[in-house]
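Both of the next two complexes hold chain A, though its partner changes from chain B to chain C.
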Partner chain A sequence: MPQPEKQSGNATLFIAGKSWLHRLHPFNKLLYILLTGVIIYAGPKGWPVEVFLITLNGIMALTGGVFTAAWRLLWRSLLPLTLFMITIHGFLHADNRIILFSFGRLHFYQEGFVFAINVLLQLNAVLTASLLFVFCTHPADLISAISQAGWPPSLAYLLSSPLLLLPLMHTRIRTIQAAQRSRGLDSEGNFFKRFLALFPLVTPLVLGALVEMEQRSIALEIRGFNAPGPTTSWRTIADSTGQQAARWTMFFLIILLIIGRIFR
Partner chain B sequence: MQIRLENIIFRYSAGVPVLNDISLDIKKGERVALIGHNGSGKTTLAKHLNGLLRPAAGTIRIDGRKTDTESVARLSGIVALLFQNPDDMIAKRRVWDEVAFGPKNLAYPEGRIKILVAESLALFELLPLQDCNPYDLGYSERKRVALASIIAMDTPILVLDEPTAGMDPREIVLLTGALEKLREDYKTVIIISHDMDFIAELVPRVICLAGGKKRFDGLVRQAFQDQSLLAVCGLLQPQIVRLSTYFRQTEPALTPVEFLENWQRRAK
Partner chain C sequence: MPALEIAHLTYTYPTGTRPSLQDLSLRVEKGELLAVIGENNSGKSTLCYAIAGVIPHFFHGQFNGSMLVGKVNTADQTISALAEHVGLVMQIPGNQLSGVRFTVFEEIAFGLENLGMNRQVIHARTTAALALTGLSAFAERSPYQLSGGQQQKVALAAVLAVSPSLLVLDEPTTFLDPQGARQVFDILLELKRQGKTIILAEQRLEWIAEFADRVIVLQNGEIMLCDTPEEVLRHPQIKRMGLDWLPYTKAAAMAKEEGLWAKDRPLSSTFSATVAGLQNG
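Presenting the complex of A and B:
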C-alpha cells in the first residue's frame, strides 16, 4: 500500500494537562528521578522497596492523568527486554543452582529468574519516575526554571535545545522524505529498499540542521541573548516553600544514601 | 495527460477540511496557475497530484486512471513536483548528479539521462557549474538546480511550487524560457505562485483557492478584473493591470506590450 505523507506530530513526549504533577516545579520532578535511582542502587535492597516505588509512581501517574500513556510506553519498551532477560538469566546466569523446570537437557533456574525479575523491577522504578517527568514537564518550563534559579541562560539553552529542536527536525525529515519520494526514490517496500532510501535524506538533513543552528544562534544573539544583567522571564514557574522544603529533603536524602553506601 | 479531480476533500486531522470539495479538469499541454492566500490549500492540492497526500473523499484520475492505489515512486514518473525550498530536495554533492537523481530513480537508459541532464542544465545556464557542490552555490542558484532536476525527469506533468521565489529578473527570464520549452514539448504545467506579475504575463488560466474551496477557475484576465474575488482570495492585481485600470483602458492589459498597444490604439 502506498504511504501518504504523514503530518508531523509532537516529537517530545509532553502531554498537556493541569494536574498537580504538571504544576510541580521541574526541579522537584528531576530530583525525584535522582532519588529513585539512588534508593534503588544505594538504598535498602529487595523487591518490596522496588514494588513500593513502582506502586507510588503508578499512583502519581494516575492522579496526574498520564497513567494510560505511561503504561502504553512501558509495556512496549519493557516487554521485549523482559522476555530477553528472563530467558538469558533463567538459562545462563552464573549463580544458577536450583532447577525450576527443564526442556530435555535445557534447565531453567530459579536464581537467574529472580535476578532478572529484580533487575527489571529496578529498571521499571527508575523508568516510571522518568516518565512522570517527561510526560508532565514542558521543555520550556525546564528552561524557565533553570534561568529563574539564576543559572546562566546558555546552560538552559544547551540542555533544552535538543528537546525543542526535535519537533523541527521531525518536520524537516518528513519534508525531505516527501521531496525525495517525489523524485522517484522508492522508500516503500522491502527493508533493503527502505535502508537505501535513507542515504539521500542525510545530506539535506545534516546541512539543513547546521545552517539552522547558525541562523538560530545569530537570531538569538541579535535579540540580546547574551546581554549582561539579569533577564526577565515570560513564563514564570510556580514555586512554594513546601516545594522548596521537599527539594532540600530529597537532596539531603540522596546525600545520606550515598554516604551510607560508601561507608557500609 | 489529462488531470481530473472529482470532489476532493482532505483534512490533516479531524476538523476543518483543508480542501473542501475541489473538482477540476486540466487538459494535456495546458499551463495553469494555482493562486490564493497563504494557507488556502494550494500546496496541499499539489501534493495530491503525486500521491504524497491522499484525499479523504473524492477521486483523482490521470489519463482516466485512478491514482489512489499508485505509489509516490510510480507517480513520480508522471507528475514531477518542485518543492518551495530547494534545500529540501538537494541531496547530491555535484550539480550534475543532483539533476540526474530523478531520471536515475526512474530507471531511464544512460544515454537518455545524459541528454536530459545536459538539456535541463543548459535551460538554467548551469552547465559551467555542473561539477560544483550545490551547497557551495547561492540560494537562487540552488533554486535553479532544483528546477533543472525536476525538468530533467521528463514527466508529462510538472507542478512548480513558487518557482520564482528568491530569483532575480535574469533568472526569471531563464524560467520563462524553460516554460516555453515545456509548452513546445506539450507538457502540462501547474504553477503555484504569489507572483501575480509573473502569472499575468505567462499563464492563461488560473484557479483561485480560498479557505480550501475553489472560488474561480477561468481566464486570468477575468480573475484580475474581479475585485471581490481578489479580496476573498487575498490577492492584489498585478502592477500592469492596476496601471491599465488607472488609465481606464477598456480591456486591462496583462503585459507591458499589451498596455502599450492599448495606449497606441487609443491615441489613434
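Presenting the complex of A and C:
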C-alpha cells in the first residue's frame, strides 16, 4: 500500500518508511505500549528493567529508521520536565535524608534525586514505546485495522477526524484573526486586551464550526457512512500468523502481570 | 420511467414559518440536464436536499407529497441507502471531505467502502472517477492540500465513483474561481454526453443557456417557469424573479429597439445566437 508522505495537511507525526516496524500490525504496536506500561507499574521494580526497556525501544527506533526523530522529540519534551523534577524532588522530597551537596542552607538530597530519575526513566520507557507507534503507524492503517477487526466505523472516525480537521480549524483561527485585525481589532497587549479580543475570534469560529459540522454530517450520510450491510476497506493491513501469535503473547503477559500484581 | 418524479411536494423546515417548497411537481427524464435557477432563498438547495433524501431524513420538518428516484421513494429510505441512487454535490468544497481519509484515492473510495464493494470494484471505479475528473495525478496527495476547485472535483469524483442514476449538484461552482468553475462544467458536459441524468442548481446562467436541456425558475419554493433555456432566459418575467437577462439577451433587446434585429426574431440568450441575429438583421 503506498504511504502518503508526511503532510502539513494533517496533524500526524507519521514518518513514511518501509521498515519492519512500519509493517507491523497497528494493534501489535498498541499492545506493546500497553505492555510497557504494565511492566513498569505491575512488573519487577528497579532501574535495570526501565533501562532495558528504553534500550530495547532505542534499538527498535534505530532499525525502524525513526531514531533521530524520536530523539529530537524526546529531549525537547523531557528536558524541561527532567530539570523541574530533579530540582523539586532533590530539594523537597518527603523521604530526603542523605545530602549530596548544598547551596548555603539549601540541601540537595540523594533520595529525591533517585526518585526523580526513577520516575523519569519510567516515563521515558512508555513515551519511547508510544513514539515508535506514532512515527511508524499511519493513522489510515490504524483506521483500516479497526474496520478490519469489525469495530464500529464511528470509532475510527473519532480517532482520525481530529488529526485531519484540527489543522483546518487552526487555519480558520488564523484567517479570522487576520480578518478581525484588518478591521482594527487589537489582539496584542496586556491580558485584559487579549481577553476582550477573544470574543470576536471565538464567536465566528464556533458558528462556522457548527455549520461545517452539519455539512460534514450530511456529506458522510450521502456517501453511505451509515449504509446498512457490511463495509469493506481499500487499505488492507497484513496480519500474519506470527503477528497474531505475538499479539496473543503480549495480551497474556499483560494479564499475567496484572494478576501477579494483584496477588503479590 | 422517468429518472425523477416529484408530485405535489410541500416542505417546511422545523424552524420555518412558511414552506420552503410549495406544491412542487416535476418530472425529469433519463439523460436530461435540468438546471434550477432562482434568487437566494428561492428553494434551490432545499430541492437538492429533498431529492437526495437529506430532507426529510436529516432536516425533519413537515414533508408532504412524494418523490420518486426511479422506482425508489426517497421518504422510505435512509440517506445512506439512497447513496446508490442519488449523488449530491454541495456548495462548499472542503466541507464535503469525509475527514477520515488521508489520500485523494481513499477519499473517493470512501463511499464504495461504505457500500461494501470489493477491492476490484473499488479500484476500477475509483480509477475511472479519478480519470474522468482529471485527478489521477493527485491520487496519493492529501485532499486537504488541494485547491477549492480540486476539492470540488474530489467531491464530484466521490459521488461519480458510486455511480448513482441521478446526479444532483447544488451550486457547485459558487466558491470556485472561473478556471475551477470551467473545469467542473467540463466534467458535467462529459457526463451529459455519457447520458447521465443531472440536476444542477446554478447561478452562472451563461453555461446553463449553452448546455442545459431544460430550466426551472424557483421563487419562494414554487416553480414559476419551466422551459428550454432559450425560452426561460429571455422571458420578460425573469427580472421579477430576482434574476436578470444575460448580456447577450440585453444586446439583442437593444438591437431590436434600434431596428437592428428582425421584428419576428425572438431574443437570443447565447453569444452565438446573438451574433447570428445581428448578422441577419
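Quick note on the criterion: the second predicted complex is superposed on the first by the 221 of 264 C-alpha atoms of A that agree within 3 Å, B and C clash if a C-alpha of one lies under 4 Å from a C-alpha of the other, contacts with A are read in each partner's own complex, and residues count from 1 in each chain.
Following the convention adopted for this analysis, a residue touches a chain if its C-beta (ideal position, glycine included) is under 8 Å from a C-beta of that chain, and two chains touch if they have at least 3 such contacts.
All of these numbers come straight from a predicted model, not from anything done at the bench.
When both complexes are overlaid on chain A, the residue A:H107 reaches neither chain B nor chain C. With both complexes placed on chain A, chain A has more residues touched by C than by the other of chain B and chain C.
Of the two partner chains placed by the overlay, neither chain B nor chain C lies in contact with A:H170. Judged by the touch definition given at the top, the superposed model places A:G229 against chain C, while chain B stays out of reach.
In the superposition on chain A, A:P200 makes contact with chain B only, while chain C stays out of contact range.
Within the superposed three-chain model, A:D186 lies in touch with chain B and out of touch with chain C [touch as defined at top].
Of the two partner chains placed around the shared chain by superposition, chain C is the only one that A:S161 touches, whereas chain B remains out of contact.
Once the two complexes are overlaid on the shared chain, A:G208 sits against chain B while remaining clear of chain C. Using the contact criterion defined above for the overlaid structures, shared-chain residue A:I143 touches chain C, although it does not reach chain B.
In the superposition on chain A, the residues of chain A contacting both chain B and chain C are 2, 4, 7.
Taken in their complex, chain A has these residues touching chain C: 2, 4, 7-10, 138-140, 143, 147, 153, 156-157, 160-161, 164-165, 167-168, 212, 215-236. Touching chain A in their complex are the following residues of chain C: 49, 52-54, 57-58, 78-84, 86-88, 90, 92, 94-103, 105-106, 109-119, 122-123, 126, 140-145, 155, 158-159, 162. Across the complex, chain B is touched by residues 1-5, 7, 172, 175-176, 178-188, 200-204, 207-208, 211 of chain A.
By the touch rule above, chain B contacts chain A in their complex via residues 12-13, 47, 50-54, 69-73, 76-77, 80-81, 83, 85, 87-93, 101-102, 105-106, 135, 149-150, 153.
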